Amino acid sequence: MGSFKGHILPGSFFLIAGLWWAGKYSLWYATRRNKSAGAGRLATRAMQRRMEILEGAVVLSFSLIGILAEQFVASGPRFHLFDPTQQQWAQLMIWQHSTMYLFFALSGATTLAIHVSNVAPLALDRLMLAIAFFNEGFLFMYHLHGRDMLDVHVHQLLLYAVFAGALTALLEMFHRANVLLELLRTTMCLLQGSWFWQIGFVLYPPSEVKWDLKDHNNMMFITMCYCWHLACAIITVSVIYCTVCCVVRTKLRRMPPMEMGLLKPRDTGGESEDEVL
Amino acid sequence: MGSFKGHILPGSFFLIAGLWWAGKYSLWYATRRNKSAGAGRLATRAMQRRMEILEGAVVLSFSLIGILAEQFVASGPRFHLFDPTQQQWAQLMIWQHSTMYLFFALSGATTLAIHVSNVAPLALDRLMLAIAFFNEGFLFMYHLHGRDMLDVHVHQLLLYAVFAGALTALLEMFHRANVLLELLRTTMCLLQGSWFWQIGFVLYPPSEVKWDLKDHNNMMFITMCYCWHLACAIITVSVIYCTVCCVVRTKLRRMPPMEMGLLKPRDTGGESEDEVL
Amino acid sequence: MGSFKGHILPGSFFLIAGLWWAGKYSLWYATRRNKSAGAGRLATRAMQRRMEILEGAVVLSFSLIGILAEQFVASGPRFHLFDPTQQQWAQLMIWQHSTMYLFFALSGATTLAIHVSNVAPLALDRLMLAIAFFNEGFLFMYHLHGRDMLDVHVHQLLLYAVFAGALTALLEMFHRANVLLELLRTTMCLLQGSWFWQIGFVLYPPSEVKWDLKDHNNMMFITMCYCWHLACAIITVSVIYCTVCCVVRTKLRRMPPMEMGLLKPRDTGGESEDEVL
Amino acid sequence: MGSFKGHILPGSFFLIAGLWWAGKYSLWYATRRNKSAGAGRLATRAMQRRMEILEGAVVLSFSLIGILAEQFVASGPRFHLFDPTQQQWAQLMIWQHSTMYLFFALSGATTLAIHVSNVAPLALDRLMLAIAFFNEGFLFMYHLHGRDMLDVHVHQLLLYAVFAGALTALLEMFHRANVLLELLRTTMCLLQGSWFWQIGFVLYPPSEVKWDLKDHNNMMFITMCYCWHLACAIITVSVIYCTVCCVVRTKLRRMPPMEMGLLKPRDTGGESEDEVL
C-alpha cells in the first residue's frame, strides 16, 4: 500500500466519516437545544438509533471488504503469514493494514450490537472507537523504521491527529453527548483524512517534481502545512455546524405547532435510553 | 527466572485473574441491571463481599508463596542480599521478582482488610492495585539494559499493557463500579497474561528454530502480533460478558416471582455500603 | 522576526492579555462571591457579555493586523509562498508567525460569535483558546532545529508555559468559571509574556556583553531565572486579585442598600446564561 | 549543598511533613466518619483551621530560615548573583535551593492567608503546593548534567516521587477532602524524604566503602531499593492511619453521650466552610 492510491483511499474514508459525523452531531445538538420548539420531530430517538445502526453496519462491512481486498489483490498474501520461498514473513505491510481494519471492524460490530440489542452500556462504542484509533496509531508508530526524515515526519504528524482523536473518544466515555468533544473528534478525523491525501502527494507526487525528503526547510514547511489542514478542518466543521443549525431553525419555524397529545408519549419513552449506563 | 517456565507461570496467573475478573464484573453488572427483576438474589451484597475477601486472600497467599518459592529454589538467595564470595549483589533478578510479588501481596492484604473490617474507603483496593501494577511496570522498565533489540521490544510491549492496566485501576478510584473500566482492566490483564506466554515462546522457543533477535522484520511482526493478542483479549472478555448476561436472564425467567417481604430488608441494609467513601 | 523587537512585541501582547485577564476574572469572582451583598450591580451579566465581546474583537483585529504587518514589512513575503528566484520556500519564519496569528484570530472570532449570537456552547471559546495555544507550542517545537544549546533551551522553557496554558484552558472546558483555573491560565500567560522579553534580552542583548550560548552554567542560571519569572507572575496575579477584592468590598460598603424590586428581574433573567451548555 | 548533610536535612523535613500529614488527614477522616457518634468534639472545625494556620506558618518560617541559612553560610553568596572575581554566576547550586525554598514559602504563605482571612478559594493551597513540588522537580531535572550514571539515576528516581506528589496535589484541587488522595500525597512525601536520606548514603557514604557509580548492577539494586522505600512509606502511613482510627474510636466510646443543645449550633455554623469554593 506504499503508493499514491494507498494513501488517497484511507484518506477519503476518513474525510467521508468526518463529514458524516459533523452533520450527525450538529443535527443532534440542534435537536436537543430546540426540543421545546418541537425539534424532537426532526430527529426522533428512533431515527437516531437507526442512524447509529447504519453507521455501525457501514463501518463493519467496509472494514471487512478492506481486509479481503488487501489480502486478495494481485500481490496479496491471501492469509498466508509466512512465505516459505523467501524464509520471510509474507507482506507484513498488508498484514498491518488488515490488523488496523480488524479493529475498526470490531468497533463497527460493537456499535451495531449496542444499538440493536441494548446489551451493553452505550459508552462502549466510544471505548472501542478509542481502542481502534489507538491501535492504528500504535501500528503506525512502529512502521517508520529506517525511512527518510520527511517521510518519518509526515507520519509522525499523522500520529498527533490519530492519538488526539483516540483521547477525545476516551474522554467521551465519561462526558457523553458533549457536542464539543464530538466535534473535536470530528475535526481530528477530517484532519487525518486530509493529511493522508497530503502524505500521498508529498511521498508519491503525481507530477514530475519530487520533494527533497532530506531538506530541513521542507520539514518546516510541512509542519506549517499541517496547521493549515487543522485550520481548514476546524472551519469545515463550523460551516457544517452553522448550516445545520440554520436549517433546523428554518424548518421549525415553518412547522405547524406541535399537537401535544400525539407526540409526547413516544418521545418520552425513548428519552431515557441515554441515561442507561 | 529468565527461562521459558519463568514467563509461562506469571502469564498463567494473569490469565486466570483476567478470566475471574471478567466473570465477576459481568455477573455484578448483570445483577445491577436486572435488580428490578429480582437479580439481587443471584448475587447478593453479602456474596459479593465474600467473593472480594476470597480474591484478596488468594492474591495475598499466592504472592507470599511466590516470594518464598523464588527465594528458596535451588539457586535462590534465601533472603541474603549481598553475596560476599563474589562481592556482588546476590541474584538481583529474583529479588526484583520478590519485590513485584510484595506489592501484589500488599494489594491483596488491602482488599482483605477493607472488605473484612470496613476500616478504609472502598476505593483503596483500586489504588493499591494501581500501585502494584505501576511498580511491576517500573521494575520491568529498568530491567532491560543491554539486551537484544527484540528482547527489549517484547518487554516494552508488555509495559503498555501493564501501565494501561494501572491507569485504568487509577481511574476506577474515581469512577467505581463503571463496568467499562472494570472490563478494560480485565482486558489488559488478559493481554498481559497471554503476552507473557508469547514472550516465553519468542525468547526461549521450545522448538529448534530460534528467533533472530536482531531482525527488524521480526520486530514489526511481533508488534502486529501484540495487536492480535489485544483483539483476542477483547473478544474473550465480550464472549464471557455475553454468556454471563444470558445465563443471568435465563435464570431470572425460571425463578418464581420474588416474595417481597422476605428479601427486601436484608438487601436494603447492604445496599448502601458502596456509597460509604 | 528573529530580532530583539520580534520577541518584545509578542511578549508585550501576552503581558497585557495576562493583566487584563487577571483583572477580569478577579472582578467576576469577587462579584459572584458577594452577590448577596448586591455585587451584581458592579458587574452585571450584560456587562460581562460586553467585556467578552470586546475581548474577542480586540484579539481578532490584533491578530489580523499582525498577519498583515508581518506579510507586508519591507522584506515580507506578501502572501507568496514559494520564492522562484531562489527555488526555496519564501520566508518560512514569517509564514509560521502568520499561522500562529491565524489560530488566535480563529479563537477571537469564536469568542465574538459565541457571545454575540449564542449559537454554540460557551465552553467552545476555551477549546479554541486551547487549540490556539497548542498550535503555538507545536510550531515552536519544530522551530528549533540546529540552533545553539541556550537558544534551544530558552525556547523549550517557553514551551512549558505555552502548553501549561493550553492544558489549563482545556480543563476549563469541563470546569468553567473555576477561578483558580482562570488565574492559573492568567499566570501562564504572564509568564509567557515576560519570558518572551527575557528571550529577547538573552539572544539579542541591547548591551555590548553577549551571552555565551554554549556555557552550561548559563543554562542552569536561565532555568532558575524561569522559576523567578513564574514567582513574579504568581505574585502579580495575587496582588491584582487582592486589590480587586478590596475595591469591590469598599464599593459595596459605600453603596446604598439595593432596592430589591428594581434590580431583581433583570438580574435573574441574565443569570441562567451560564448554565446553557 | 552537595554533601551528606545537604541531603539528610531536606530529607528529614519531608519525613516530618509526611508524618504530620499522615496524622492530620487520618484524624480528620476518622472525625468525618464518626461524626454521628459525636467525633466533631475531637477535632472541631475551628481546631482544624488552627492546625492549617500553624502548618502554613511553620512551612513559611522554615522556608525563609532555609533561604537565609543557605545564603549566609561561610561560603554562601549573600544574595550576590554574579561573582565578578571569577566572571561567573556565584554559587548557582545555593541559588537553586533558595529558589526551591521560595516556592515552598509562597505555598506556606498562601495556606496562612487562606485560612486566616478566607480571601480565596480553599483549593488554592493545593494548587500552590502542586506548583511548589513541580518547581522543585523542574529544578532538579536540569540539575543533573554531566554527572555519573548512578548519581543521575538516584535523582531521577527522586523526581518520580516529587512529580507524583505534585500531580496528586493537583488532583486534590478537584477532589478536595478525598482521604485517599491526601494519604497518597503523604506517602509520596515520606518516600521523598527517605529517598533523600538514601541519596545521601549512596553518594556520600559515611563509611569507607564507596559505591561504584558506574556499575549497572548497582543501578538495578537502587531501583529495587526505591520500591522498598515506597513499600515502607505505604506501611508507615497505614500504621499511622490505623492507630489514629483506633484512638478516635476508643475515645468516642469513653466519652459521655453528647448533650445535643450545647454543641450543635457551633458545629453547624462551621460546617459549611468547606463548601465555599
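Letters A, B, C and D name the chains as they come in the text, with residue numbers starting at 1 for each one.
One rule holds in what follows: contacts are C-beta pairs under 8 Å (C-beta built on N, C-alpha and C of every residue); 3 or more make two chains touch, one makes a residue touch a chain.
This structure is a prediction, so every number in the text was calculated from the model and none was measured.
K.L.:
Can you list every chain that touches chain A and also touches chain C?
P.N.:
Touches both chain A and chain C: nothing.
K.L.:
Which chain's centre, taken as the mean of its Cα atoms, is farthest from the centre of chain D?
P.N.:
Farthest by centroid: A.
K.L.:
Cα centroid separation between chain B and chain C, in whole Å?
P.N.:
The answer is 45 Å.
K.L.:
Calculate how many whole Å lie between the centre of chain C and the centre of chain D, each centre taken as the average of the chain's C-alpha atoms.
P.N.:
Computed from C-alpha means, the inter-chain centre distance equals 32 Å.
K.L.:
Could you tell me which residues belong to chain A and also touch two or more other chains?
P.N.:
Correct list: empty.
K.L.:
Inside the complex, what are the residues of chain A that reach chain B?
P.N.:
88-89, 92, 95-96, 99, 102-103, 106, 119-121, 123-124, 127, 131, 135, 138-139, 142-143, 145-146, 173-174, 277
K.L.:
Would you tell me which residues of chain D are touching chain B in their complex?
P.N.:
For this pair, the touching residues of chain D are 175, 178-180, 184, 216-221, 223-224, 227-228, 230-231, 234-235, 241-242, 245.
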